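Mind having a look at this structure? Questions to follow.
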Amino acid sequence: MERNIFKNISPLDHRYSIPEEEFKDLSYYLSEEAVIRTQAEVELALIKVLHKRGFCGIEVVKEVKEAVKTITPEEVYKEEQKTRHNIRALVNCIRNRVSPEARPFVHFSATSVDIMDTSAAIRYRDAAEKLILPALKDLMTVLLEVAWTERKTIQIGRTHGQHAVPITFGFALSLYISRLGQQMEKIRKAAANLRGKMAGAVGAYNASSLFIDDPIQFEKDVLAELGLKPAPISSQIVQPEYVLDFVHTLVSTFGILANFADDMRHLQRTEIDEVGEYFAPDQIGSSTMPHKRNPVNYENVKSMYKEFMPRMVTLYLDQISEHQRDLTNSASGRFVVEIIAGLVLSIRRLTRVISNMWVNREQMKANFDKTRESFIAEPLYILLAGYGHPDAHEAVRLKTLKAKETGKTVYQLMLEDEEMKKYWDRFTDEQKLLIQNPERYLGQAVEKTEFIVREWKEKLKNF
Amino acid sequence: MERNIFKNISPLDHRYSIPEEEFKDLSYYLSEEAVIRTQAEVELALIKVLHKRGFCGIEVVKEVKEAVKTITPEEVYKEEQKTRHNIRALVNCIRNRVSPEARPFVHFSATSVDIMDTSAAIRYRDAAEKLILPALKDLMTVLLEVAWTERKTIQIGRTHGQHAVPITFGFALSLYISRLGQQMEKIRKAAANLRGKMAGAVGAYNASSLFIDDPIQFEKDVLAELGLKPAPISSQIVQPEYVLDFVHTLVSTFGILANFADDMRHLQRTEIDEVGEYFAPDQIGSSTMPHKRNPVNYENVKSMYKEFMPRMVTLYLDQISEHQRDLTNSASGRFVVEIIAGLVLSIRRLTRVISNMWVNREQMKANFDKTRESFIAEPLYILLAGYGHPDAHEAVRLKTLKAKETGKTVYQLMLEDEEMKKYWDRFTDEQKLLIQNPERYLGQAVEKTEFIVREWKEKLKNF
Amino acid sequence: MERNIFKNISPLDHRYSIPEEEFKDLSYYLSEEAVIRTQAEVELALIKVLHKRGFCGIEVVKEVKEAVKTITPEEVYKEEQKTRHNIRALVNCIRNRVSPEARPFVHFSATSVDIMDTSAAIRYRDAAEKLILPALKDLMTVLLEVAWTERKTIQIGRTHGQHAVPITFGFALSLYISRLGQQMEKIRKAAANLRGKMAGAVGAYNASSLFIDDPIQFEKDVLAELGLKPAPISSQIVQPEYVLDFVHTLVSTFGILANFADDMRHLQRTEIDEVGEYFAPDQIGSSTMPHKRNPVNYENVKSMYKEFMPRMVTLYLDQISEHQRDLTNSASGRFVVEIIAGLVLSIRRLTRVISNMWVNREQMKANFDKTRESFIAEPLYILLAGYGHPDAHEAVRLKTLKAKETGKTVYQLMLEDEEMKKYWDRFTDEQKLLIQNPERYLGQAVEKTEFIVREWKEKLKNF
Amino acid sequence: MERNIFKNISPLDHRYSIPEEEFKDLSYYLSEEAVIRTQAEVELALIKVLHKRGFCGIEVVKEVKEAVKTITPEEVYKEEQKTRHNIRALVNCIRNRVSPEARPFVHFSATSVDIMDTSAAIRYRDAAEKLILPALKDLMTVLLEVAWTERKTIQIGRTHGQHAVPITFGFALSLYISRLGQQMEKIRKAAANLRGKMAGAVGAYNASSLFIDDPIQFEKDVLAELGLKPAPISSQIVQPEYVLDFVHTLVSTFGILANFADDMRHLQRTEIDEVGEYFAPDQIGSSTMPHKRNPVNYENVKSMYKEFMPRMVTLYLDQISEHQRDLTNSASGRFVVEIIAGLVLSIRRLTRVISNMWVNREQMKANFDKTRESFIAEPLYILLAGYGHPDAHEAVRLKTLKAKETGKTVYQLMLEDEEMKKYWDRFTDEQKLLIQNPERYLGQAVEKTEFIVREWKEKLKNF
């Protein structure tokens, strides 16, 4: 069934799935085609273990292997119109391709959800390993590069949107490296912890127990063929928390992307102008304001986050399935792939834009210089306290207010103050130098940046 | 660009958009094609008013009218690859089709969002009038039919999942008729209240004021061509609350569908068995439990609700757009159509299933009979109190406990109780009859059902 | 039961409920005391109508009126320990205070939820009229004042955080006036549309029909005593959409506050510095950075929004109540008052901070001047197009790029361009003046501001 | 500040915090008193390490230790009215209690958020270990008991609310044991992974670097005093994902409670009646329907879930903090304790109700018997297939339909069918027995239950 993509409903299936080359792999892991392909893989795994256990000959395995290769979604959907049951349709499609002798073994002792939930585990795990983590690795790689290059680039630290005390731009990026890196570890772990099942209609192995002595081991064997494990106990469905925890790692990764995008958007404000997105010469920023250089990619990432983050609520709601299962998690579960697609698209977009990021060091310095005199209040108060001033914080605070009134610097006012001067004289030369040269008030910004970059360069090798 | 639908990501673009004939109208109003078609309509409306005001001749209108007819999404997207700006791409596509004389008037004085937000208002309004409300009307029609037919069908009312006092099945349905009917009114109102804009880059009519004396009236005129009105004041975007309130009416409608679906699912439980979905003879309920008759359609509706309801959070988040606008509502805004599609699909599904609903009156009566003796406690206590018993509630409560111990009915125990018997003798014949015939304890269930059904049969004519 | 407030769990009951004088009225409408007070009011209204209908004498009304005056929550809760049913506890407390003759009429024919849901409608309606709308009126009043004062204060319009084209600061505020004003209307309407009920255990008037000929009218009469109306049909509970729609108006108001708070936070950024919060001389901005002037109030409002907005999901979830009612909306429904409290506290906080807002007109002008040359691209392109330039947008865009390279202004470059110059010569004097004086490119910013301010000054009289 | 609890706004601070003895420990870990107590602990830890490093004498440690013992929230709040800064207020309260020599060391080099975020880590960790996990352990203990007792109690498994194939009631409970047990492990792990910080205003150790050579080690030392670790890198705040992941473990635990509560509610339906809540003889189920036995505790748990689950969205939103931090996570962060309180109350409630749970084995058997003939279709089809029937599923499905028409059992119809009979004759005696005695079709339900119960009895010892 071919369709013009612009007739599709979801933006994921038109606007955000162009160009095709980028979309191809998303589709490979996340489409309905992928669903049916992996469901057929599960059916095949079942046959393999039935064979290993002596239920059927190797020819049956071969027949089914051949069969699943050629099955198309069109065919399964056509069959479903008859059966009105998707897995029974798939099973029929397989059975129609194999010999009468092989037929009874197809889907033998399995319930539909054994196939469906196991297929979902395969697809989410593969999407993690083949789509999400590689995309994050690329993003981390460009971030590591920029963080290293800018590890000594002075930037004013901002809290509440107000100038605080200095950091370096590399330090600011390192925080994101650390946060995203930890997410990679969590995603991998949660993906590896996804579970399949082959425990039958209510999870008690009722059907498989009819013929198989150790159905619990049998389940393990079938899943092992697919690189999966079962949950300790299932109902008709796999315990929902495995997928839930996995999607949580994705949604929380999205939150970090959104945080980063917001930071960059604001650093790109006309008045701040510390970073920029690369802008193609023939790109139009605004249809009527040709001078604009809008952070559209960062805005897009934030917007995608707003679209997909709330969907976590659906996953929480899907924890509830009555008794041995109701089907109210079925349609909603089909939309999880949208979250993955949205995340991967956003990671890739960020990677592209950071690859072409333009760091305006002069402006960073200029912004820093705007308040270089004022934040010195902090080290001054610490040093005064350190040398015994009994009320250093209050004393400096009053000087700050006075500085605002008089136009003098806090440093000047301090020197004019007998009481404070007394403590000042005890400062080391380096400490005095720092008070006079605020750019020296960097703490461990550079060292920490270097540490984080080295740590993640190393760790990234495992991904 | 053609694509096999099974390669699509969103279930809306494969599983839930088959069969094609049902999907066609969803696509007409909700696809990217619809976006571009309606954006072109806005550009045309602008030209029309420019002509009416004497800025350009009627030929320009004709040229643009012809131009917009033939524009395809493919073409616009191709042009966007150059411009990297969707509206500028559309404008170029129009301009390329018209004479050099006409060109300057295309998009004249407008900003991109004037076109985009106005297009969205058109599409959501039309989706309401052409998709959602007709679907709801069909649903209401079948509900009204069943409610009327079953207006006197006795059913035990259930609170906390426990038998309470009697109603009729029609009465239970009437509540949904009333709730959904009111939603229809709210949807229509919110859809009619969607606003367009033609107020320029920051909403202050900066550009249009250059040539036009009364740009505020000009905006009204352009929007009037499209059957729309502007907001009292705009930034670059239309005030977000119009779309927000509209989507709220949709999401809250979804909640009612989910409530209904849950009720029916539970009434369909094996032990309750009061209603059933029609089940095709060749339909397979379960791949291994062929005897099952699962309420899959009701489960699907509940599941779709769980998918789409949480997305309301996105709409709330999109209320925030910094200063005269940031773009972080752009991608997320594109997904609103998914909510509409999900809702329409669910309404239509419910309509189908209710059209074939099977009401098991015998079982309703049998369930009612299970507790017919016990709930009589309520009218008994009321009547005793009404005739002056100073502590009727407590007295009856104790008899209820005793009934459980002794196996006697509350009625019997009451007659054996001197004190209570005294009040019983004051009861009218009808009241005595009621206590002895619990199915008479129906209150206004029938009358209310008839009232609601009549009310909405009438009101539905306006839809 | 007295408790040290710092032992409370909810921040609403310690940190945000100091000082007491501000909290007193919140507590009056939103506390458990208010619940019990209004429930007692409903019981009294029931008695009044029973009397009007001749079921009981005027003494009964008097007795109950006296009784409900003195009932305390402590007492009701103590009784509930016995009954384990809150309304039965309340009823007992009333009954214990009245004569044996009056007792049977207390709660006569009512079910618990008749009392509880009606009480909720009273409290939410009163909270709207006595807490929320007055708070919003105060906020609107200060906003109107500032908007009027600053209606001509030039400010650069910002889209995507980038300078766009000019507005006035008053214009920016007017958008919020319009949005908040419309919310006031919606809140009032939704509050006035809250419904009570007196329709019994399953909504079919089973109990009241025992004695009363027209129980539907009887319900109307009781509710009319309280200034309320019933829904067209009820189950055990009032249709949930009335409260849902009401809370939606609150949550969407919160979104506007958050948007405003974000705007102000960003305008307060060190580099932008266009507005400021009043800062007490002895207030400490940061424990170690005494120079900071943090927008803590705006940050608080945004934070409260983040806390309360997602709770709308709870309201949506509470639309689902199985059959004639399950109780799963009971505990969650008790938390609605937290949303109201959070909103009122945030509105009041904003009012305080705007009352003391400091508008830095010089800095607004200075920021405007930073890009005054560049945005002129927009009117220039419009005017060129208006005078027939066939490709004005592209021509100006190229000049913009060249301006960036050469350091010349777009205006200069245009004059040097033969082709463009040709169209320039057709400009009116006023149009030429505007291109040379970008602050004239204000469109209808001032007029629109004046219109909106006048409109809402007038409308506010109704609140 | 004493206040009548019924004047409080939050239901957590009135209705759900009675009786006092249950609330005491919640208050100890979750109140504002706890905030200030743990903040003071952090200040003390800082002093201890300053002493160990030789910055100050042991007397300073002693003085501060004494000081923090006597500090009250009232005092800190009073001081905050002056400072308008909560941590500075606390610091002043400590400093006012110590000698002038000790004063400079109080809060030395720290920024407010060092204290606040570290305090939060302490409180959430302690709440996990002292409130949540013990409560869950109690819940698990009663669940284990019931599951063991009922491990062989036959119950019909239900999917889609329809009878499926048999399990045991203990098996159904075991799934919850497994899910909740895994949550306990996740909660413990996430709680142990909560991080503190002592890295200063922007996370770069600017202040501490002034005096301390190895501020990164210094941070570790201070946190070690409190049993905590720092994050690899911080901004002004601790990376938000630690708390986010922790709260996710709580919210997802809530989902399991809700699922359990729903299951029990439905098993308690009048028509199903398989379990019951203990009901005090003097408890009133309904004010007008004294016969009702409502599952109010399960309903309460579900309702609390609906209240608190959506608040996870707030936590996700709080991942975004601009640049080195904005304060928009401050107020919202204060409400996290409400989620913890809601969860603990719900766990405790479930424990109470399960402790008194009444399992109606007769009714379970009676319900099972209702469909005992029909679900046999599943094993029959499996066995037929296993013995080579080429189309067993379809063959049995048709018999099922015929059984419905004719009133005969599937078993009878099978025996009458030549074709099927052929395969039947190959069945083992045990297999034949099973088909004739459906209660034997239990699979591994008993074995799995025993396995899960033993596993968690063992694992629970670690909690």
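Just so it is clear, A, B, C and D label the chains in written order, and each chain counts residues from 1 on its own.
In the analysis below, a residue touches a chain if its C-beta (ideal position, glycine included) is under 8 Å from a C-beta of that chain, and two chains touch if they have at least 3 such contacts.
Note that the structure is predicted; figures quoted are calculated from it, not measured.
Participant: How would you label the subunit A and subunit B contact, same or different, if same means the shared numbers make up over half of all numbers there?
Facilitator: Over half of the interface numbering overlaps between copies: same.
Participant: Which chain pair is joined by more contacting C-beta pairs, A-D or B-D?
Facilitator: The comparison resolves to A-D.
Participant: With chain centres defined as C-alpha means, what is the inter-centre distance between subunit B and subunit D in Å?
Facilitator: That pair's centroid distance is 34 Å.
Participant: If you average the CA atoms of subunit A and of subunit B, how far apart do the two points sit, in angstrom?
Facilitator: Result: the chain centres lie 33 Å from each other.
Participant: Roughly how far is subunit A from subunit D, centre to centre by C-alpha average, rounded to an integer in Å?
Facilitator: Roughly 25 Å, centre to centre.
Participant: Touching two or more other chains, which residues of subunit C qualify?
Facilitator: Expected reply: 88, 158-161, 164-165, 200-201, 207, 265-266, 284, 286-289, 294, 296, 299, 309-310, 312-313, 317, 326-327, 378, 382, 393.
Participant: Would you pull the subunit A residues touching subunit B in the complex into a rising list?
Facilitator: Subunit A reaches subunit B through residues 1-18, 20, 26-27, 30-33, 36, 72-74, 77, 82-85, 87-88, 91, 107, 110-112, 200-201, 207, 265, 280, 282-289, 294, 296, 299-300, 302-304, 306-307, 309-314, 317-318, 326-335, 337-338, 341.
Participant: For the complex, give me every residue of subunit B touching subunit D.
Facilitator: 156, 158-165, 265-266, 268-272, 281, 284, 286-296, 299, 313, 367, 370-371, 374-375, 377-378, 381-382, 393, 396-397, 400-401, 410
Participant: What part of subunit C is in contact with subunit B in the complex they form?
Facilitator: Residues 55, 88, 100, 103-104, 108-109, 157-161, 164-167, 171-172, 174-175, 178-179, 182-183, 186, 200-211, 215-216, 231-236, 239-241, 244-245, 248, 251-252, 255-256, 258-259, 262-263, 266-267, 309-310, 312-313, 316-317, 319-327, 378-379, 382-383, 385-386, 388-393, 431, 434, 441-445, 447-448, 452, 455 of subunit C touch subunit B in their complex.
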